Structure formats: C-alpha cells, structure tokens
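Worksheet: one structure, shown below.
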C-alpha cells in the first residue's frame, strides 16, 4: 500500500483567487496517510516478537493498539548517527542484481568486505546492496513488494551477532532471502535479529547512487545519518538516510 | 491537528495467539495519518506564493491537489547536510523564553552571533532559539499552535537575503513574530523568504537539548543533517534534525 | 478528533487548466480520514466487552487490530430498518436541554412515551432527545465531546432489556448520564447494554429537526432507516439516519 | 485504492489486560482512511464539470481543496428517499453479465422496464444491473476498477433527461460503457449527466441480492433509502443503500 498524499490548500486554489489571504500571500498544505513500513524504513525493536517476547525480554503485550510502551522507535530518535559501510554484493558478484531466492552467505559478506577493503565492527551500520531496487526501477516493480527476493541467508545470524554491528539494511522489502530457507517459516532471521540480537533492521533502501559512488572512488565507508521520525510508540518509521563522505 | 497513529497488527494480537504466524514469530505494524506541517518540519519552496508566483517565478497553479510539479520537497531530498549555527536568542537575552509578540531584530541576531563567537555565511542553516518550545513543554502548550509567539521581525528580511544563509528554523509554529508587525498581514516574512529569497524555512524545532549543550561547551556551530522525507510533490515534510558536533 | 477531509483533484485544478482531461470535462475527488466513532454512529456489538467477553459469549480477543472476526458492524448492514420512536425527554420536561448530570429514569421514559401516545416493544429503535445537541449548536460545543452530559440512568438497564427494543440512540456523545452514577465506573450501562443485552447503541444523533416535527404533528413514531457502512470487521460506523413519516 | 481500516483500541488489548478500565469493561475503537469514491457511492453535483462549470452554472473554482462551497454532498443529506426501480438488464438479456464494452441503449432500458412491468418518471431512482459485480465476486475482480465495463451508452443522455428521473446507479465502477463510444473521450456521459442534467449518479452498487429478489416476486419497484454521509463540502460519499419492499 503506497502512501496517500492529499491536500487541504493548493496553489490552484490560490490561482483561482479563493484563498482570500491578505496582501497577495498564498499557500498550499498537504497531508499523508501511510503505513510506517511502506517505504525506506527502520523497524523498531517493538516490531517483531519471538514466542511472545521482544528485545530485552519484554512481553509483546506491551505493544497495544495505543502504541509500544517499550522499545518504540522514538527511543532511537537521536541514536542513528554512525559509521556506515556499503557491502555491494551485486557488484562483488559482478551482476546487475542478485536473483530472487539467492541467499547471501557469511562468505559473501566477508568476501565483499575484503574486496571493498573495509573491516566491520561494533556500532557499524551495514548496508547490503543486492541490486534489486535498481533492477526494479528499470524493469518494473513486479513482485518487489512481499515477493521473492535475494537477501541474507538465515545462516548469517551468527555473523550478525558476532560482528557486533549496530544495524543492517538492504534494498529489498524484507532484508532476508525469500522464499525463506526453513520449511514453513516466515522471516525467521527477523525472529533472531530483532527480539534476540536487538539489531536495527532497515528495508527498501535505495543504494543505486551510493553503489555507483563507492565503485567510483573505491571508498565503501562513510558517515551515516538516518534518524527515524520520533513517533512515540511507533513500531517503525519512514526515513531518508544520508551517507556522507 | 496531531498525527493519528493507528495499528493493523499488535503485540497484544500476538499475545492473544491470534496471529497464527509460524514458529512463534509475532509482529506489529502501524500507520499514521498526518498533516505534513504538523510537527518539526521544513516548508518546501512550493508552500508559499507571492501574488500567484512561487520561487523561480513559477505559477502557483503548478501546485495542484495532485502535488507540486515544481519546487516540491523531494527536490531537497539529499541537500540538507550543511553547517548549522545556533543563535540562542533567549539565552543571549538572559530569559527563559522570549515573550509572544517579541520581534527579533537584525541587531539581536548579530549580537547573539557575536556573543556565540560565530560568523554566518553562504549555505549555513541558522537555528533561532526563542525558548518558547521549552517553556511550553514545562508550562503547557497554551496557544503554541497558531497563537501569538516571539519570532523574526519582518525587518530581518534584508539580513536573511544578505547573509546568503541556506535555511532558517525556529522553535515556534511559524518562525516570524506573531502578531505580525504589518497591519492586516498574515506571515508577511514568509511571503518574502520563500517565494522571493528561496530560503529553506523550518518550524516547530526543539532546541532545548542543543541549547544546553552549546551553552556548556560554548560551541554554537556543528554539522547539521535534516533531510526531508522525499514525498514526491509534497509542500512540506516532517523531519528529525540532527546537530552533530 | 474531527474527520480530516482532503482532496486529490479539485475544481480549482480544473479551473487552472491543469487537469488535461479531454473535451472540457473536469473532476474533483476527495478522501477522508476519520475515527468511525467520531460523529453520528452505531456501536457494533464488537465495541464493548464485559470481563473479556462480548455479545454471545465470544472472547474479546476475536477483535484484533485486523478487525472483528465476530460481531462486526457489517453483520448489521441490511438490518437497521425498523419502527422508530422519538422520546423527546427535553420537551416532556419542558426544558431546552436536560442538564449535564441529569439521569433519565425509567419513569421519565415511560412518562414521555405516554405523553407521546406511543407504546414500545420488540424490535423498536428508541431515540432519546436530551436537547444537548441543539443546545450546543446554539451555544458552542463546550464539553459536548466526552464531558458531562445528561443521559440514561444505569437503573434503566432492566427497562432496556424488558422492553425488547432493538436499539437506542441519543443526542449526546455517550448515551448514558455523565458523570456516571456508580463510583469509579466508566460507562457502566454500556457494559450491560452491548455485551449482555446485545443492544444496538447509537450516539451523537441530531434530533432537533425530528423533535420539532414530532411536536408539530404530535406523531412520535415513524419508519427508521439507518444502515451502517458495511466495513468488514469494524466496531462502529458513521451513519446518516432517516426518520420517514 | 481500498479503504484502510486501523485500530486504536482492540479486544486483544482488553484480553491482555492492558486497558485498565474499571470494573472489567473493555472496548475497541477503529479508524478508516478512504477515498470517498472507493466503494458504493454517490457523486455529488460538485464532482464533475463541463468546461469549468458545474450544475446550476457555478464555476468549478468553487470546489477548492477546502471543500465544495456549492453543490457538496451534504446538500443531499436528507433527500435520497424515493421510489426505486431495478432495471435488471442482464436478466432481461438472459446473461450472467453484460460484456465489457456493451453499451446499454434506450431500447434496452425501455424494453427492460416493460418486461418488469414498471414505468419510470419524475423523481425515481433507477438502478441498472449489468451483472458485472456478481460476475466479479464469483470470478475475481480483474479490471473491475477503472477497466472496461458494460454500461450506459452515451446515446441515453436524452432518455436520462426526458424521463425526469432523480438518480441512476449501476453495478460497475463508472456507470457508463467503457471504452467510451466517443473518440478520445473520458466519461462523456458524466459530463452531460452531472453538470448539465443535475442527475444523482451512483456507482459500484451491488444488485445481486436485489436482482434475485425481484426475479422471484416479479416486483421491480420499492422504497429506496440511500442517504450520503453528510460530510460538508464533500464531492461524493460512501453509502449503504436500502431497497425496502
């Protein structure tokens, strides 16, 4: 579901002379109605549960239809300023895009980091480019939303924990490989990453411009600033992340 | 009008066993319906017109109820990374908050900058603290929204142009002093700043923490990162600005 | 919270020549974002619970953030066509409006029905006019929304059950008297009416025109048609009720 | 775009014990965000313009992003109670559904009325069943929304005017035949019906149950009650129409 963008004041109203503001001033005002997970976004730690528990062992029932009492996105309001590292797995594999169903392994991540001449460690935010977003922008969105996609293998759970990175994001709708690798599972890596590792997880990022820039200067690390909107009790937030070199 | 935050999946649903996701995974998802100008926000250059024209001389009629064809907020998506300077006028005047109706003059701005040991120039984003937000957080919101407020005097228009700053923001709902200084006017400085100077204008910022920090280390300049959500054709955007020292 | 009414196509867009539809056709389209309980409305049987149970003994957990699986408003989609009876308690008491805090008793209801020369029975929908809506339309809304109000006494619960009426509605926000008569209670009559009697409950109705009409022709019964919007799984619905004589 | 139905209080919240209301009462509350034209609906007279004019010769510019100053849907709030007549053209033609692109002619309408033993006249609301809604409910929605459809021929304009009917509605998204019969046109009959005839136009009605009922008792006329939500300044409204025999 895309955001719905609507207006309560427009330039055409001003042009039609209907606004009656003094001295020739005119204005437009608009509104949006959107799912907080509908575009480039962070998941709050309140977003996913494992057997009824969220991060820090809190009960899922702390997230009511009035909002998350604990682990809401507002807790991260001023925290997402860190070192960012792009792992451009698509370029590393010399493909336009990884194919739907391709499971990115620990070896892929480590090999890609070595090729980019970066090391990863505590507090880093890792951006994984599969090429899917760029492919869809050129060739149509197809099943981009909630369909099959390349992404992290479930087997990277240990790597995600061991590296002590602070966050990870990708250019697909759900970060992990789809179809999932475990039988009858739905996003099993989320069930590990969010409630058990406490990892910041981002989805539907656009790394096309950043990928080209890093390929050009061969520098795959940067300052990364991507604060969420501080909506109290929200379980996610749209963002406009900035990689600053 | 405050944002309306609602849910389509909750932790309580998960706790009640109604989600039926496999292997014990549970999730919450939420939505928001909001005016794009309802909180900390940038105005797009498409937001305000002067006698039917917006910035660059475009007709206001380019902003229809389908969105702004020109000067929309998405044009600034990757541009708002700059030097920021805090002018803490309230502290400079040794008051908790400037009073509603107090018109901040060019002398105030220059004097405050000198006291802060900062100079201002091309491309800077200037943050003007009146103290109003902090006052209201302690004492109740009263007429914070659309009521009387301290703010920039209309006479600062020349200063805003001459300094070649890129943007200006304040901790009140409308940046300029209210009541306005010109008879029968409504936000006349906006009519100059946005369609005629092409200035980035921000409102409803919270400078309380930043003000205290700058008072403590006496450093009033910093890296400032405040990208809008890139909503195509929007005339404003909620933001979560980051001042990074 | 009032409904938010916004546009995605306007007549001013058409007037500005921006629509580019063929042969001179132009159009406007609009949207609304609203709480389903924000105006004249019916409560669904899924709206209120008594110790975790709703009407028919179903668990409250059947109402998730995905909607009511049972007792949703759509179940009443084609059912609300019945005999309506106006009990104009304000006129019966010869007042402009009953006062906030006035508890309407069984004696009031029976006396008012006798004076109106109507009897009440199975399947009727009873409309109780307190005068509050008319008073507020003339004198300002004050605490109309969620404040003190005249309304049904908790002691009318037996009457509501015994008469076998199908529904009851009033011209206040919450039907029952506020403050409530029981200590530390919140809408205790709702807790009886909806989950235990299975009664259709309506609020924020406007009976001013109907009251004047019935006073003029002294006929207090009519055909009453007030179908909800059939929103699947909703726990309430805005309506535009029609009393037809 | 379907309505988005969300919650701010749920039964699962109550079940989880998070509501903390006194004495065991629990509640659910919900919200909807929707286009007013997204389901069964009436067009307001402010919805369509002919060369910048709407019904009664008013300028289209009276419909701003703040709402319709004239011809808004609220003007019809208490007016849509009339004689209804079903013209079940699909049954008359002995088909499950008319085919997309089939243009219903004046001869079809008159022949169908004769077969149904009804005459049509001033103030009637005519319901035209193409069978499309029933077909889609069984076989999938396909291009129901905004695609090709059976519907009124442009040549019925004279009939619509001459019969002096008050309103007309159908079980397709746009009432008139699609593709339209005139080259390079978009809904040309709307351009005649709404701004020039002042006709009440309804779309996306479901006549399946009514069609079967009328076929069974061979009575094609009934009381018809279909009031819009009285949203001030709206250019359309969702409805739940009731045919009462």
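Here the chain labels run A, B, C and D in written order, and each chain numbers its own residues starting at 1.
Here, a residue touches a chain if its C-beta (ideal position, glycine included) is under 8 Å from a C-beta of that chain, and two chains touch if they have at least 3 such contacts.
Quick caveat: nothing in here was measured; it's all calculated off a predicted structure.
For the touching copies chain A and chain D, the fraction of interface residue numbers used by both exceeds half; the interface is of the same-residue type.
Chain pairs B-C and A-B differ in how many C-beta pairs they share in contact, with the greater number at A-B.
Chain centres here are Cα means. That of chain B falls 44 Å from that of chain D. With centres set at the average Cα position, the gap from chain B to chain C is 41 Å. As a whole-number value, the distance joining the C-alpha centres of chain A and chain B reads 25 Å.
Residue positions of chain A touching 2 or more other chains: 4-8, 10, 12-13, 15-16, 18, 30-31, 33, 61-62, 64-65. Chain B contributes residues 1, 4, 7-10, 12-13, 16-19, 33, 61-62, 64-66 to its touches with chain C in the complex.
Of all residues in chain C, those touching chain D in their complex are 3, 5-8, 10-12, 14-15, 21-37, 46-52, 54, 59-65, 67-68, 77-78, 81, 182, 184-188, 190-191, 225, 227-236, 238-240, 242, 244.
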